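Please go over the structures that come below.
Look for chain A in each of the two complexes below; its partner is chain B in the first and chain C in the second.
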Partner chain A sequence: MKRNQIINALLALVFLLFPLAVTSDYYRHLAILALMWVVIGGSWNLLAGYTGQISFGHAIFFGTGAYAAGILADKLGLSAWWGLALGGPAAVLMGLIIGFICFRLRGPYFALATIAAGEICRLIAVNWESMTNGMVGILLIQSFRSKVPYYYLALALAGASLLVFSRAMKSKWGFYFVSIREDQDAAESLGINASLYKNLSLAISAFFTGTTGAFYMNYMAFIDPEVVFSLPYISIMAILVAIIGGVATIWGPAVGAFIMVGIQETFRSAIFGLAPKWVSQSHALVFGLMVIFVILYLANGVVGDWPKIKRLLVRSPKTGDAAWLSLKRGKSERPSEG
Partner chain B sequence: MAFFEAREVGKTFGGLKALSDVSFTVNQGEIFGLIGPNGAGKTTIFNLINQFYPMTTGDILFKGKSIKGMKTHRICHLGIGRTFQVVKPLKRLTVLENVMASAFCRVNTFKEARELALETLEFCNLMSEKDKPAKSLPIAGRKRLEITRALATKPELLLLDETAAGLNPAELDEAIELILKMRDRGITIIIIEHLMKVIMTISHRIHCINYGRTIAEGTPGEVANNPEVIEAYLGESYA
Partner chain C sequence: MTVFLQTLVSGLLIGGIYALIGMGMTLIMGVMGIINLAHGQLMMVAMYITYAAYTFFHLDPYLALFVAMPGLFLLGCAIQKYLLNPLMDVETIIPQNQVLMTVGIAIVLTEVARFIFSSTYLSVRTGYSTKVFFLGGVSFNWPMTIAFLLAVALTVALFWFLLKTDLGRSIRAVAQDKEAAVLMGVNSRRITIITYGLGAGLVAAAGCLLIPIFYLFPDIGRPFTTKAFVITILGGMGSTVGAIFGGLTLGIAESLGATYIGMSYKEMVGLIIFLMVLIFLPGGLKRLTKV
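And then the complex of A and B:
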């Protein structure tokens, strides 16, 4: 307990001081992206990892939040920052509509329905030109030239989401979410209103994803449907972040976000310009290979299987003198087992 | 006013009549046995009571009020708990967490839920297993966990679906002891059971169904000597 608090305090300090120590806009930008993915991955994890409702449609909430901010600025002439307050609720509203339809289905059928819902939303955004400008997208002017304010905003969002998720999971809600994941029929016979709590989990998840979408609009100052409603780059990425970091763990998606953004950027830049140009096209392939590797060897992700990784990385040279190796082993849940 | 009453309850699945016109009343504090050959419709009655699916005809009254059409989770809050014949533990949670999840039916904070869960585990003699994952329990433990979990929702009426099936003789005695202990606590119990040793020793009254119809009701002695019951279980030549 004590040790964890110290680690948390140190982590917070590192993140607070980061933009002061790192002046390169490039690395600040990467950090902002990673922090955004901390929120989205964590949101996906709440709904899918803990509540067991696998979503392939988180782009719906991200896109709704982003367009809420964009439309407020573009059509109503308000500041896009209002989107930060309204993007979340807009995504919740969208989430409840999606939930109303898709929660009639269970398991893989729910997952399939969310893919369809995501594509429907993307096509609406493409075709409803009077509202969304269609494929032209929405272009705004950034409020700040410096990355520092955006960084702190993303950090606050990430911190708030982690706080909410960890609090929720230690409460009645968390127990109910996990019970529904484990066995919905048993949960209902134990007095759990499965429909209510699934929608609650969805609403929290959509809220944070939507708020992040609104932040993205403000930060990037440009959105179009192919970016913010993207199945591979938003919905699937959210899943990868959580799976690689560790499904059904609080810190998993946070760690996964940094790993994924790191890898994505490494490949996008063709290993920092050292490799031939075609390497930059191969990050999807690398993600695929990574998922296969993680599913085969680290089914609980980097965080969930940390004790296993630690054992592999650090071999004790002689028996007995590796006291720091036998640190308390973390509890590892195995989400992929039925 | 009867504590619990099923009035001419019927259920059809498509063209199949699973239950027709089954009526019985259960008095408060009673252990009420429900028996019948395989496929007679016993579990269907439980599924109708806790509204897993809607009944086709008839009505069910709990403490004088109809519970027809209520949601499953509401039934639990009303005070009707149930266990499943095919046990449904929350596999990846520990035994304690399983019971806590159901304790939240009556309390709201983590601390209260933990207390209520520990108390219930103690009552059901499952304290030694509390930190194990539910999936690691053997069948006797899982059946006991089912009861513990249902009990943590503080039911007034408990539906036990074959909680003694698959247990060895020693475990069976423990299971019977637990059921009697719950009755002594004032919990009314409806129990489905195939093991005559269990059902005949603990029930006050027994209701026997076959092919979805009532064939007998009475004290264990009366039911055991009823020719129709003997025929249903052993065949015509024994009746």
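And then the complex of A and C:
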């Protein structure tokens, strides 16, 4: 337990000192993006990984938060920073509406309904021009020239989300969430109000995703429906971040966020300018190939499949056996908490 | 009244093609139990094949059917064999990773098409593309009418295949009860591969039929994936008869929406129907007819 605390403190220190050590705006930007994905991936993981409600529509909450901030600034003349306070609640409200409709369905049907809900939200944002400016999008002026304030804000958000998720999973709620994932009927027969706890999980998840959306609006200072309501680049990316890191682990999505942003950026920059230019144009293709690769070979993520990766890297027979066993054990015996 | 009839007719014509698209997805849904989110993108690939055949070999789009359908059949078989079937053996916490895989396939197909053909809008303009004939004051667009009739013919052929041939019966058996079918000696893996290929082939046919009418660009697949998905839910998962009615309903609803609500809300009509069906009629049209 103590060792864990020391590691956590060291990690926190590294992240706090990062912008002092790294002065390049480019790397600071990447760190901010990765921290944003830590929050979104973690939120998805709370709803899907722990509560078992696979959402293909997290862009709904991200976009709602972003548009809440954008509309406050663009239409009401308030500062977009109010969005940071209101984006989360707006997304929760949206989440409750979505939950009201989609939680009538279970398993794959829920996942399908969230896809449709996400597409509807995107189309509304495209078509409701008096409110959202449609495809033109909302353009603001950034408050700070420097990346440092944004970095610390993103870090605070990521830290807060990790704290809330780990606390929630250690509390009674966490056990209720997992019991709903494992068997909803059994959970209900034990007196757990499944509908309440599913909505609770969705609300927490939507809150953090929405707040991140509002942060994105402030940071990037430009949004349009195709960016913030994107099925592949927000909803699927959120799933990928969680999967590549490790579903149903607290640290998995956090690790996954850094891996995903790292890989995406490597290809976007055409392997740091070493590869010919067409590589950078095909980063969307790389994204698709990554989806396929991750699902085929790393379905339990870096944290979940760590023994498997270790076995591949260190070819010692002993760890090999352990890895084989841990793979064969399957999901029922996987640790459900971080 | 003429406007209404016209709307109805154009909805019905496009609905026939939607039915063709929906049936492919429904077959896959029935046998594998997954929604194939790469369905529209497979159609996009077929459309590019047709386009290439037309530009380089001056092959008529309707004849290109005989190139695109087998081509997509093989592509579909390969996808199922090498990308989707291996996932059955992997045990994970997320049961939906086959669906996720199809999203990955969709992105890859779109981007490969963009890579080869770039994002420009292409079109195949045949002599009959804009020809129209009238029937009692209602105009019928020739290519749409031909497409509708061919779609009907293909549907009949598909039903004959599913009802009368051994392979078709095996497919229906696996869709009904996989374990029982395996016990009766049906090779279920082989059936899944053939089914995915068949679904891809059907949507390829739809692509060939649509190309004289639609512009072609790499992102055209996505709205059609959404449509196929709406049809599958509307018709009742895994019901081929339901998919026909689902397709026709969607075509007519979209057409009415475009005329009476507004063109830009056309896409939304389908999705709203989708949510309504999920809430009020889970099980889709299949439930009403008990077929």
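What we mean here is this: the second predicted complex is superposed on the first by the 289 of 338 C-alpha atoms of A that agree within 3 Å, B and C clash if a C-alpha of one lies under 4 Å from a C-alpha of the other, contacts with A are read in each partner's own complex, and residues count from 1 in each chain.
The rule is short, and it goes like this: contacts are C-beta pairs under 8 Å (C-beta built on N, C-alpha and C of every residue); 3 or more make two chains touch, one makes a residue touch a chain.
Everything quoted here is computed from the prediction, not taken from an experiment.
Participant: Taking the superposition as given, does A:N193 touch the first partner, chain B, the second, chain C, both, or neither?
Facilitator: So A:N193 only meets chain B here.
Participant: Applying the document's definition of touch, where does A:I239 land relative to chain B and chain C: first, second, both, or neither?
Facilitator: So A:I239 only meets chain C here.
Participant: Touching A:V291 in the superposition: chain B (first), chain C (second), both, neither?
Facilitator: So A:V291 only meets chain C here.
Participant: Please tell me which partner, chain B or chain C, touches more residues of chain A.
Facilitator: The partner making contact with more of chain A's residues is C.
Participant: Counting only touches as set out at the top, which of chain B and chain C does A:A299 meet: first, second, both, neither?
Facilitator: second
Participant: In the overlaid three-chain picture, which partner chain does A:I309 touch, first (chain B) or second (chain C), both, or neither?
Facilitator: So A:I309 meets neither chain B nor chain C here.
Participant: Go through the superposed model and pick first if A:D185 touches only chain B, second if only chain C, both, or neither.
Facilitator: Touch status of A:D185: first partner only.
Participant: Residues on chain A in contact with chain B in one complex and with chain C in the other?
Facilitator: 334
Participant: Enumerate the contact residues on chain A facing chain C in the complex.
Facilitator: Listed in rising order, the residues are 48-49, 54, 56, 101-102, 104-105, 107-109, 111-113, 115-117, 119-120, 123-124, 126-127, 231-232, 236, 239, 243, 247-248, 281-282, 284-285, 287-292, 295-296, 299-300, 304, 330-331, 334.
Participant: For the complex, which residues does chain B have touching chain A?
Facilitator: Interface residues on chain B, with respect to chain A: 50, 52, 71-73, 75-77, 81-82, 84, 88-93, 97, 100-102, 104-105, 108-110, 113, 149-150, 153.
Participant: Considering the complex alone, what residue numbers of chain C touch chain A?
Facilitator: 33-35, 37, 83, 86-87, 90-97, 99-101, 103-108, 110-112, 114-115, 226, 229-230, 233, 264-265, 267-268, 271-272, 274-275, 278-279, 282
Participant: Taking the complex as given, what residues does chain A use to touch chain B?
Facilitator: Within the complex, chain A touches chain B at residues 170-172, 175-176, 178-179, 182-183, 185-194, 333-335, 337-338.
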